[in-house]
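In the two assemblies presented below, chain A is common to both, partnered first by chain B and then by chain C.
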Partner chain A sequence: MSIAPYRTGALVAALLVLQVGGGAHAQSALDAPTLPPAVSEVTPIHAVLADMLGGTPQARHLGITVQGGWPWSLLRANLGLGYRLTLIADVETALGRRFRPTVGLGVRLATHHRVRLSGELLLGWLVQTGVTGRRGPTGELRLRLALLLGRAVPYLVLGTRHTLLADRTVFERAAGSETSWSFRQEWTPWATLGLGIAVTRNFGFDVGADYGWVDAPQTIALPGVHLGLHFGPRGGL
Partner chain B sequence: MPRFALAALLLSAMGCINQDAHLYEINLHGTVTVPPPLASSGALHLAFYLANRAGEGGLAHPLELFERRVLPVVGMVDEQVLYPLDIGDGLVIYGYVDSDGDGTLCARGAAPEPAGLTVLASAPQHELQFQLRLDQLCKGPEALFP
Partner chain C sequence: MHLHPGDWDEIPPATQSFLASRLPFPINLDAPSAARDAISVSGIVAEMDKAGLSGSVLFAVYAPRTVGIATNELVRDDLAHDPQRLFGLASLRVDAWQTERDNQLVRLRQALAWPGMVGIKLAHAHQHFRMDDPDYFGIYQVATEMGKPVYLHTGTSPFPGTSQEPAETDPAYLEPAIAAFPGTRFILGHLGYDFSNQRHAGLETCIALAGKYSNVYLEPSALGSKGSDPTGENLTTAMRRMREAGLVDRIIYGSDGPQSPGFVKDYLQRTVRAMHLGGYTSEEAAAVLSGNFARVFGATVQTL
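Let's turn to the complex of A and B:
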């Protein structure tokens, strides 16, 4: 049995058509997701904790943390700016006597589906009331490391805080008054170790131990504990 | 008025002065004497106190030390001290002769040393005169004041 040349050409042409058609079909399948997939397909359950404990949410995603504890409590907002950057604003207090409002930037240093590592730089003002009152500009450099293990997110925060304190001395001399200024620094190394639990993609909580050594090394530090509630991410801002 | 109070509160909170000390310069001119037969040889240790330290309740107490001096001999004294204006009032000068040179008033087993104290009621003034008589043996300032 032999196949006529014209029949062979027709068969090849048919195969080519089928191939091209199949390829086109496959290509259209790749282009198909023009509609956003369901949220559950793209947002992991730990999204809120990854953003708030590990830092650096996606662009235009906002997260809020409300944390209460002894002695440290805080209110924090993270807004993703894109390009791995985050705008951070937080207000921290110790027993209602020491307040530290700050704003700053966070940057995602490393990302993995199981790990989130961020660096943060915050600038603000310290106000401490009472007989040991202190006030002055303050800054903090902070590293956040979170392990994304499904609903459980263990995390570690390491920071170094520096506050510039200005002192004034007025000398009342017979010839008149004379004023001199001196400056000192308050250093507060910081560590927080905690565990976050995701309840939903937009809500989670964490418990953690805080170790803030205020005015180290000439003081002692008492460890603290906190419970944090985390809300977000909310996109499309 | 509430606006001014709010502004004052805000400025107070956002101010940047922490320790704010006011020191009043006083030139002290005086004579320190030791009546015989007490030993007058040795270094003269002087200590300058606020008579009353500001405080509330149990935190209020007399005698807040603010300066010390050691002079080689008993006699004429011309010293300048910086008197803190904000933490108390009154000026007390206490002195003793360190006759055995151990740097301590009447150490155990050592010979008794003369001490004395005077209160300058007119402080603070930039120029003050005083007389200090060291006629008490082995007494610290707390035993002599008030």
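Let's turn to the complex of A and C:
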């Protein structure tokens, strides 16, 4: 059996598309009477940053972020679930003294070839050590907006974090001890403004300024900066 | 005057937590390191330099249940860091007064004899004893005999465990001691300010006492800080009222602190502004900032 040269090219291109995008794309490519779009058009150079800074990768695509900074550092994984949904796992620390592991869901709210807007809901546990130690269940709602401008991806994250803190007071009396509980909320409004630079389709980095006003409004918080490394997307999980 | 050196480990846990909560995030995550830098003598001198202060008074404190302990020995050692610019106030324990009184008074006398120790520091609300309790008047007797002024914290205090009882906070309760020891100079710290409610509670009492007794002096520290007086109105009111009462020569500047980086400089600026708004002449301001202190404590304050 012989295969015409243009058919060979179409098959190779279709296999590449299959690797990147999934079966549905492969089928349409095979059926296409002409050459399919090049790989670079299917997977833009900013793909990894769109998924990690703008949120919500495609179904079965996994992205990883490793971020270091002052005072905030984190490790995050985003796994696309399909139907615009993303599973998020996130471990954040401030100076190795405040830790917040969370899991949650992200949903793509708006998409455009130049814009990615996502909403995320995370639930987890806060542990802070030292003199100002505290611990309790925590949750966060946040919005991610990324502008996809080729290799450059400026982005903004706005969030509101809430942690329930319990205080236990024990009164030691001659007749015995008495324990009472009181509860309060720690509110942390959050903003990050940064710029991501795509190096390859599977790797990019970003620098950003973070402002987490921990225990607002009765406290003072200093802003921070970070450098993030982003890996992915890795499809076919 | 009025700066607190110290040892973080000698501060009760509740007060450590309180102090840490006043630090900005994320500095408060490692409060011990931040505090050790701030309350070390080198940290204090650095804050003085930042503020342009030529001299300061370091306070010893013995309040193990509230603000902690900064010993006379610690202050003595800190004074050696810069004896031309640093002066000290000695203090004593009163928490086992019935059994330790004589011993404590002897130790106080010894500390007052050390170079640079220019007076005595007491804080009834932090140390939990009444201002009018004659059992403690032996302290003023020592002050009289050694010619040392006594600085007294007056008013409430935000620190955990501090007494809020009028007999331990209201300067009116000091009148029996002031009257009984006319040869002792009493410096009423904080002007009886109510730090819990951020309002003047004892200002008029302090002014009345200073008007009635020539051995009473006034020190407006801490009450005019950003936290205790966000608009600056309370400090301005205090400075204006003291001047209206003809008591400029009784006012001794104090800031308290060091609290946080920049606090000492900021408090000086707020006080200068309050004096400007209160109509002080430059000569009156100079007396408040250094001249009155030098006269009352017999200290030589250098010009930077």
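In this section, the second predicted complex is superposed on the first by the 198 of 237 C-alpha atoms of A that agree within 3 Å, B and C clash if a C-alpha of one lies under 4 Å from a C-alpha of the other, contacts with A are read in each partner's own complex, and residues count from 1 in each chain.
Assume contacts are C-beta pairs under 8 Å (C-beta built on N, C-alpha and C of every residue); 3 or more make two chains touch, one makes a residue touch a chain.
This is a predicted model, so every value here is computed, not measured.
J.: Record, for the superposition on chain A, whether partners chain B and chain C clash or fit.
T.: The answer is clash.
J.: Of the partners chain B and chain C, which touch A:Arg97 in the superposed model: first, second, both, neither?
T.: The answer is second: A:Arg97 touches chain C but not chain B.
J.: Tell me which partner A:Thr169 touches in the superposition: chain B (first), chain C (second), both or neither.
T.: In the superposition, A:Thr169 contacts chain B only.
J.: Touching A:Pro137, do we find chain B (first), chain C (second), both, or neither?
T.: A:Pro137 contacts chain B only, not chain C.
J.: If the two structures are placed on top of each other, which part of chain C overlaps chain B: 25-33, 43-51, 79-87 or 205-213?
T.: 205-213
J.: Output the chain A positions appearing in both contact lists, the one against chain B and the one against chain C.
T.: none
J.: Applying the document's contact rule, which stretches of chain C touch chain A when the two form their complex?
T.: Listed in rising order, the residues of chain C that touch chain A are 13, 16-17, 20-21, 24-32.
J.: List the residues on chain A that touch chain C in their complex, please.
T.: Going by the criterion above, the answer is residues 71, 94-95, 97-98, 128, 130-132, 212-215, 219-222, 224.
J.: Can you list the chain B residues touching chain A in their complex?
T.: By the definition above, chain B touches chain A via 13-25, 27, 82, 85, 126-127.
J.: Quick one: in the complex, what on chain A touches chain B?
T.: Contacts found on chain A: 125, 127, 133-137, 165-174.
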